[in-house]
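The letters A, B, C, D, E and F name the chains in turn, as written, and every chain counts its residues from 1.
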């Protein structure tokens, strides 16, 4: 048998190895929070889209929830305004909100475009469509920081209808309050709220970190699996800080409301989603209900 | 019986008068091209949304297709560029296209917001979503004017699925070519193409004119109904010029491909859509197949 | 703008005012007990049919339950019999029952005819069809008054199937006992039992009175809204008598078994049904669960 | 084995013999025109109802179409009018029409009652319900004989919906013209028109004759099977007269429009319907398309 | 009326007598355990197939579960092995298991063939298909007797799908354990487990005895109906022994888990199934929940 | 990045490469004729099952049609008979037919078992189930060789229902003639007939040869793609002989009746099915309609 044939047969083996993973998640909903470097680096972006499209084609039901981070700041500046932050949250006046919504929708349709180019039907919606995300004003330490909303209700009908009709839904985190005023929403919060509302099997955050560390100064202390109990202890013991704290709280909340596994993935690794799902090598940190649902070799 | 009761009973009579019109269009699709003054004047805007929402609630299946005209120019200037027109068509380089798409999506979601605030579920899509609008580059007198597309194919699945699931679809005229590159599309063309693809009963253009005139200098020569034959004669005789020419050609094409009636309405009249549909007083000009389908008293 | 156009635009405003009411009851079931003067006066009859047909067309699911009162007596006499009443209830021997059933079915098909002539599909059924109404003999103060039945069970399958297939069901109050013998039923009772069985949102009685009065000698003491508690108090205090007592008890029972609002309307007012539903001027008396569901300005 | 057991086992054999007939007509529609003696004799009536109910239960889809003949005359007289006939057709003025409709609906609901008592769900409709039967005035030799209609259109939706929802439809031959005026219809005509509209497999007329004779004076000349060609020849040769002529023409028309077999049965024979369907002894005369569809031993 | 007609009319009466029984079990699932003499005697076999096919055609949903008993031994010997029994259970080594599976599938397809020849669509499955029957090794008094399994789980999807698609399922009692190893299953156990899993109305065992006796030496002491309580008492009092004990325990378990009636029928009587279902002469012994469900005259 | 991670990332690339192939055949039916060495060698058998199961899980709709070849001869001998062949076709007397059916069903259920063990629901049927394969006796050069049948009709309802309910159908080539007598069928013929009847996209034969050769003595002359025209020329020119001739004729017939591509694969190559479908290296020979559907680089 010639060499090219051997290489080809290796490929068959890889496909066969994927079999049990495909089975396990068949027709399950997976919410992917897409953000960070994976949204900026063109190669990484292409790979994330490939991964999600493949998940769709092999029978999963992925939903993308994305932010727009740096692009928003770029456009705020472009129109001559000065980005302003309070306690790390963007102060969002009416003009900023207008720019933010335009940029998020631009990103949204650009993702639709990428998925369509791979032959899969995608539809981009914001939290306004079909009343998907209802919010109320969110204060920052009691201070009004403008049109920043926290989710009070998710109406998942449009998402479920799109999944039912075989579309891949792509969601940008904009919502309306009870007076139908527009608000910006943290994308992590939106992904978490949607995952709960659609009863997702998995929620995966693409981030710019490797995962959760026992000792944040020791790169070898990456934790591959963490029960909700363990996560709460880590938080209680003050190990977790910075942007990881709300993210980890989101993870805990998602698990407690019915999502089976939440993953904090390193979005800087090519095809991190596929690797997480189709191999038994854990990428990043998985938050799980309890030890019985643990499945990586540590 | 007191006076307030009499007033109330007059209202009942109006509702009863609407009965035959509600019956006639029950579950029929009506495509509304929304543009011009009706998009700028806040009061008119509110009334158009009320009209379309009412049509939805009484059993019609309306679809809104909108442009973004003046708002695009405003944003092009805001970001320091100079709008440029060739033969009346906007020269659309990559930067302009980016702005145009952002603005159109902003308008799109703002319409969703307005409809949602009236308690009806709307979903805003662009021609990218689900591959709705496929285009190729459009030349202007053989000259390349950038990312301006003409529609080559409509894939109405997303629209039909939204109607089926009881959403009101709102479409902005952006499409992709076979390489999945973004193009701007004339909103009239998009409305016409979609009306044909979904087999609409009616297509209504909200414009800034009163309708088609026999003699454009004589305001009393407004034509209330025009068969395709008559419209072709008017064009052949050179009576029709300016922006009306392509619009009238769109009307003729729509009728010839199965739309029953096309209306050129004066969007500056409050509730012009309701008036057109629920009264037997013709507003603007209706283009029809032949004389047998005529139903206004002239 | 000319005068005729202004009049037309007033009409548009009326339609727009109906919007929130159409929304509130969209796809909700409304049972209309049709009787009294509204069944005898040809003009009122036409208006009731128009009202119910409009409700159907704008998305409600109306069901008509009707009696046959005076027409039955007329035919009993026509065939040479003497109508006989015991405690206000018609003594119904076999011959009278035969006439009563013939008359009720005649009225039933005549209503079907009227609704069909307005372009809506109606189907007339009696409580025999599909075993809709099961009864047992009803005694009057322990006395046998013949084939007068009280409902023991409602099998709403035929009604639900007709609604599902987009027909307007029209029901006449005839039932069978466990031996499949024919009985006459009080139409108010039938309307109430059906409203409960199909889980109606509203139950409206068209009557020949203006509503419930605090002081039956004071025409200004009409009560526009009455909670179940208040209604029970009124009855307990002996304010309610005559034909109103069983009707009010029916109302209370309907509310207690899940109907949201019950209306006692003055069927002598033109379009009283539309006025009740599409304006915020209360016609007659509404019986509601408790004060929180009150919505008229008193 | 004791004697009672032997008797019981004979019964099993009868059921087994029915097997191939049950198979042949499984889920096929059978229209039964019910009239004549079988409507008057209580024992025969009970047997017809048993037969049709059994057909329903073993998987057929029967529809009953009935007349009211003698009962109408009885009531016309009862109310002091004089029945009047022109060329054998009842002159039907408005008062007669009113009585006729009442009587037909009485008979209709009485049949519903009988079927319900055997545990099968039936629904009685007239040609008014759901616009089932549309008619125009029928002249008799050019003479106006009042409200006697001939069918111009059948809208079988209500019948198909009832069959779909597992009800046994029972139809009385009343229709409306284009102005929604009530007309009486010949029951044979109604049965034939409905059989064609619902694409029935079989149409069976219960009559008061044994069938079609070659020689009407020779009781041994009963024809058990007749092709459309043969039937036309018999008519052409002047063998067929009286009430049989329109009936035979109805049969021919039904066959020519897609009904597979039409039967003229002797309704005076107990269980004639079951005998016809479940045994290979032909009862009465079958009209068939051509000789290839012949299946009785002659 | 001639004699042949009289005979034919007697047949009609038999069909009419079947009416109430057809009604009672319409669309109900009936599991028939087919075994014993009725599987060996060709005439009896034909009659059982006729009976089950008739049940299918008149609206029941029968499922056949069969064994292969003597045929297995015949083939074991044919291939030169010696059948071996321990405590009355066949010792099933790998070679025997292979033969047993082949024979059971042969019998299975032969039954399919018989049913198909009567014009009804049947599909034969084993407990392997769609994972229908999951088992674990069954010990006999603690002793390993090879591949004999006891059912731990029933996955009835394939059975329900076949019924839904109008097939008659025929099941042979083979199952797999958690390692997907093949096991033989007692056919009575399989019938009982399936009856419970599909929520059957009836479970009928075709056996080679007349039923349960009060006094096994007195042929007149046959019990026609037995409540679960009475059956437990009989067992407790030591009246029941041999193969009847596990069968009776199966009956009790089936009743306790929702099957309405279980029948022990004498499969040696022609058409015993039809007789049991369509006549009020009890064949064999019925096990019922309590006395209220008793319906034979004793 | 460490080495194990690199290896893992290579795997992701392989999955991504499969994307376009998964898309192309999504929800398409693929009939796999399974036979030859791939049925005997345990490792190859396992790989074929893995391949088919993977195809099922990633969205294809595979159907397996299998033979039983050598196993039948083994059992014929085991029971003391002498296999006999006439013109290469097994002479199939009644005893041989009985063995053949038992063996084919054994193989059938063993394949079900293998697929179930990989977590996919399979159902094994023969051509008897639901009347799938109807045959007539096949003569060999005019000589009666017993129960060898040729297919006259395929009734694919059971296959389509199983696919619809998400089962993987596994078919063994047994059929019945019009008298419901059992016949053996060539498995290639059965696969071809089923592929046509279910309108398959692909039909793949697993064989023991590498494919079709231009020059059968030159191993380098393997043809990777062959149009129907070219295949007919090869046959006409006498290049094709032996068992390849009927197989190639089957391929031609399948293409001519609507199957898009037929593959003659070398079943001795591990994962030949996956390699054929998921790589652009042609394995064996593909028969296609015409040159426009060619897609391998030659």
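Definition applied: contacts are C-beta pairs under 8 Å (C-beta built on N, C-alpha and C of every residue); 3 or more make two chains touch, one makes a residue touch a chain.
Remember, predicted model here, so these are calculated numbers, not experimental data.
S.K.: Using the contact definition given at the top, which chains are in touch with both chain C and chain F?
M.R.: Per touch definition, common to chain C and chain F: zero chains.
S.K.: Shared touching chains for chain D and chain F?
M.R.: Correct list: E.
S.K.: Which of D-E, E-F or B-C has the same interface as A-B, meaning more than half of the contact pairs match by residue number?
M.R.: E-F
S.K.: With chain centres taken as the means of their Cα atoms, state the distance from chain B to chain F in Å.
M.R.: 55
S.K.: Roughly how many whole angstrom separate the Cα centroids of chain A and chain F?
M.R.: 44
S.K.: Which chain A residues touch at least two other chains?
M.R.: Residues of chain A never touch two or more of the other chains.
S.K.: Quick check of your reading of the touch definition: is the inter-chain graph here a line, ring, star, complete or other?
M.R.: Per interface graph, the chains form a ring.
S.K.: Mind pulling up the chain D residues that touch chain C in the complex?
M.R.: Within the complex, chain D contacts chain C at residues 78-79, 98, 101-103, 105-106, 108-109, 112-114, 116-117, 121-126, 128-131, 157-158, 161-162, 165, 167, 174, 176, 180, 182.
S.K.: Okay, in this complex, where on chain F does chain A touch?
M.R.: 4-5, 8-20, 22-23, 26, 47, 50-51, 53-54, 57-59, 118-120, 269-271, 274-275, 278-279, 281
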